[in-house]
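Starting off with a structure, shown below.
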Amino acid sequence: MATYQFQPTLYHTVIGSHEPVLRIRDGDSVITTTVDALGKDAGDIQVTSPGNPQTGPFYVEEAEPGDTLVVQLDRITPSRPMGYTGSVVAANVVDPVYVRELPERKLAEWRVDNERGTATLIKPETKLGNLTIRLAPMLGCFGVAPPGGQAISTATSAEHGGNMDYRGFVAGVTAYFPVFVPGALLYVGDGHAAQGDGEIVGTGIEISMEVQFTVRVIKGKGIRWPRGENAESIFAVGNARPLDQATQHATTEVLRWLEEDYGLDATSASLLLGQCVEYDLGNIFDPAYTMVCKIRKALLRVS
Amino acid sequence: MATYQFQPTLYHTVIGSHEPVLRIRDGDSVITTTVDALGKDAGDIQVTSPGNPQTGPFYVEEAEPGDTLVVQLDRITPSRPMGYTGSVVAANVVDPVYVRELPERKLAEWRVDNERGTATLIKPETKLGNLTIRLAPMLGCFGVAPPGGQAISTATSAEHGGNMDYRGFVAGVTAYFPVFVPGALLYVGDGHAAQGDGEIVGTGIEISMEVQFTVRVIKGKGIRWPRGENAESIFAVGNARPLDQATQHATTEVLRWLEEDYGLDATSASLLLGQCVEYDLGNIFDPAYTMVCKIRKALLRVS
Amino acid sequence: MATYQFQPTLYHTVIGSHEPVLRIRDGDSVITTTVDALGKDAGDIQVTSPGNPQTGPFYVEEAEPGDTLVVQLDRITPSRPMGYTGSVVAANVVDPVYVRELPERKLAEWRVDNERGTATLIKPETKLGNLTIRLAPMLGCFGVAPPGGQAISTATSAEHGGNMDYRGFVAGVTAYFPVFVPGALLYVGDGHAAQGDGEIVGTGIEISMEVQFTVRVIKGKGIRWPRGENAESIFAVGNARPLDQATQHATTEVLRWLEEDYGLDATSASLLLGQCVEYDLGNIFDPAYTMVCKIRKALLRVS
Amino acid sequence: MATYQFQPTLYHTVIGSHEPVLRIRDGDSVITTTVDALGKDAGDIQVTSPGNPQTGPFYVEEAEPGDTLVVQLDRITPSRPMGYTGSVVAANVVDPVYVRELPERKLAEWRVDNERGTATLIKPETKLGNLTIRLAPMLGCFGVAPPGGQAISTATSAEHGGNMDYRGFVAGVTAYFPVFVPGALLYVGDGHAAQGDGEIVGTGIEISMEVQFTVRVIKGKGIRWPRGENAESIFAVGNARPLDQATQHATTEVLRWLEEDYGLDATSASLLLGQCVEYDLGNIFDPAYTMVCKIRKALLRVS
């Protein structure tokens, strides 16, 4: 179980079957860096084209189609003191008649302080003054190569993951992806120092990151949608429009999970979810919206 | 500021301009009871037809169209030891192809213990055993008479409130409704001892309730969608299909709220919500779905 | 089988269980008038409040809940030479980012010539000059009282019909409605001299009408959504948002129709519709959108 | 202006920047063949994997990003006497609660007779007997390489075209695509001998085709969505879910077209479309649904 240091020299804005940048094995860890959504690195230098450029892909030796790739997010740390956000809620997030009232979009700047664990609004000058919020660093876009030779834009998301922009993907979380191609081909990028539900201004606090992750492979067991697990809960991620469909995907995936791995039949799973399920809104900005269906682990210690 | 005891003798399954059952004033409180969604009372006796029968309407003397009715939920207490839930997730909440795998719907029973603050699954027998969860009593359906002589089914929700099935409407919360008719005509009902996000089995733990609430009237100030406030947050409620549109309504209402009452311009409001907004899923079961847009009050102490 | 002349003196902007204005029997015809969507009569005089005011309700003696009301549209003739339309496509019909480019909404005027069968744009002055189109007079909003004491705004539509704004409801068409209350309580109104698919400017050419219709009752046979029939086709009307759901309702209703009345099983009905079905877009403007699922009668002469 | 005969030896099930199979110039024609959606050729032999395999890509020398590729569909002729369809309406096209009533999906066979211009249902045996319908051969999936290195599955559609399954794309129609990559990279495939609106059983009459098309390039003029033109009408094609969004894309594209090429301002364009627009439903089956916004050319001879 090795730990690799990997410094990217090129980035991808589509997630597909590109040439691997590193070959790793089940159990290995990788310490690497990601540029921000605009293609700017830790020095705030534009090193690649904008659009959620991804570090990778990482080829996981044991991973074959039909397996599940486990990605433990060990560390996600902002690597520079300045992040950027949009300044206006997206037109598709407000009532159509309200769109006329939206101001022009600008780029806002936030000072990110890892030691204090805070992000502070620097400009533009607004009625918020120096609004300061807690850091909650996350990956907006990550995932594996899709099947069939597809190369999917990092603007959007699907069964393979991608631009889910779910603020639950913080360090300490374990993510699960279906493996569609040999080696799985894992990509990581689009770090946010913090983000609201829905990513309704079209950005989190976009920033370059230092990222450490550890991979494992679950052989011979497939999943249909990305999943995740943190200390309290397990969850599944549905990506689609409208939100109704994203919700259907996520809910169905959790039902199957409970049936396959937790010994529940459909009625048991329904009764449990009916009174205890939680939903988180990933993004309602990207071409595919993201809804997360979540259930607390404490409820799964079933007789 | 009087406190009325009101014992209902009839119930309504449409919310409209019915004859008031009680006339109250700004500042008054009402202690009353509600039957469960099926029309069963505290003795588990069917006293009225099913379909979220409502207690009321209560006529608030000062309320006129264009005002806002404030409804402080003082107490919501289950009034019998047995509640009912659906046992199968709704067909519209799962992938269309998964619908075939859903079992037949039955009514499940839960024992509700106010002293311990728990609800325990009694039947059917499932792999969950005697699953026990925390009580979190709430009102699934409440609101005011809609405008223009409409009488809207308690199966659904709209600008006037109604069957929002949002588990955030617990005791301690203050709800706000637009006033459309003289006296506002407030209805309350459809108590749930607990409920998951989305009400995905089509029910919470349906139960009769003792309810106490206090009304106030904000004169000359209208809102467009129901709002709420608890110790931590303010929120607005959008009701529509698809969820995307419900989200648009809720988000727009919070933006207007921040602009009108908190001195923020559209850019400030956007910057704040962009990184700090939270969304809760009310229901994704009823004819209109419900999405809640929420922002913590601590973030609103702006300069 | 009588023919009644009925001159309305009041109008309704909600469709509910109002006092009947006339009691008629199976086979009877009614000749009456409707005001335009703005409440203006044949003399262009405002005689009632805007919002698709309806003439009626007409009580049909034989009609009981569970029956089907048949409404033959015998004649729909504009009763004045001037009609009105919106001048700007609705915000919800264009890309959210395009909304900013929409001009301000004004009322346009069209001269309606029954003899020539044309409508000519009079003002505002535009690059279209005196655009002249064919008349195709239709009813935008008509239907029966909904169940359970509901009173539904004439702004929207549902299982009971209402504001479907489908340009297929012209003279010569037979409409079918589920009967929810004794007497069915039929309303008619919201005439359009012509209308595009989708009613995307929020109006057809709004105009007062002379309307003649004949009712029949199909006893003991219910339907779930409005249906219609013209010389070429039978069709069902689904009303909901998003359009996807309206399409589901309309398609399901045609499937059931083929199965119940045309002796097809689900596979036969699917094979037929799969290669031969047609869809018409009613409205994509109102709170509920309308999609029409249609199949040519010539294809239904099955072995 | 050459005419090429091209016989494919490989096929693609993603539309991306693959190696061109033929380089052609503005004005050139190509006569080629396509296999059916299942990968079967004119001899009903499986020659490639299923999933709407495409012939191409064809590199058009003059085409550069920002241009428009014009594709005149000269001839689309079924090349074998047997076509296949699904036998059950898709689960997402009917009410969720109706899904349980759907029978199992089988492949149905149709005999295609080019001389008589008919398709006849051969099996399974159904209540339809030997249902015979008119041929209306079309291309279900065709388009150009998308931007940014994307490779998009032929299961779906987007700005680049792809699997629109619109039955208006018959011989005689001219299609227009935005050019995203040098050479445009045109693909054609997925022929249907006939198809209903919506492709609601998930297929047209799937069949191999002989296809002839002629390309032109409009230099320096871009479009945002596929467009088309036939003898009567011009139209734009929106691809997205839900249908509401597809409709927004198509409508916005026609508005821009009228503004850019027909000298109409937004008010004129709105007034015209409002009373005269037509919508066709492409597919409501694929991952992205397709709506077509159409206006008759006779109405565009504006002053």
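Labels A, B, C and D are assigned to the chains in the order they are written; within every chain, residues are numbered from 1.
Convention: a residue touches a chain if its C-beta (ideal position, glycine included) is under 8 Å from a C-beta of that chain, and two chains touch if they have at least 3 such contacts.
Remember, predicted model here, so these are calculated numbers, not experimental data.
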{"item": "Between A-C and B-C, the pair joined by more C-beta contacts", "value": "B-C"}
{"item": "Chain whose average C-alpha position is farthest from chain C's own", "value": "A"}
{"item": "Geometric centre distance via CA averages, chain C-chain B, whole Å", "value": "34"}
{"item": "Geometric centre distance via CA averages, chain C-chain A, whole Å", "value": "47"}
{"item": "Shared-contact residues (touching 2 or more other chains) in chain A", "value": "92, 96, 102, 241-242"}
{"item": "Topology of the chain contact graph, where touching chains are joined (line, ring, star, complete, other)", "value": "complete"}
{"item": "Residue ranges of chain D in contact with chain A within the complex", "value": "12-14, 16, 51, 148-153, 240-242, 245"}
{"item": "Footprint of chain B on chain A - complex, ascending", "value": "85-89, 92-96, 98, 101-103, 106, 108, 119, 121, 124, 126-129, 131, 133, 194-201, 203-205, 241-244, 247-249, 251-252, 255, 263-279, 281, 284, 289, 299, 302-303"}
{"item": "Interfacial residue positions of chain A with respect to chain C in the complex", "value": "90-92, 96-97, 99-100, 102, 242"}
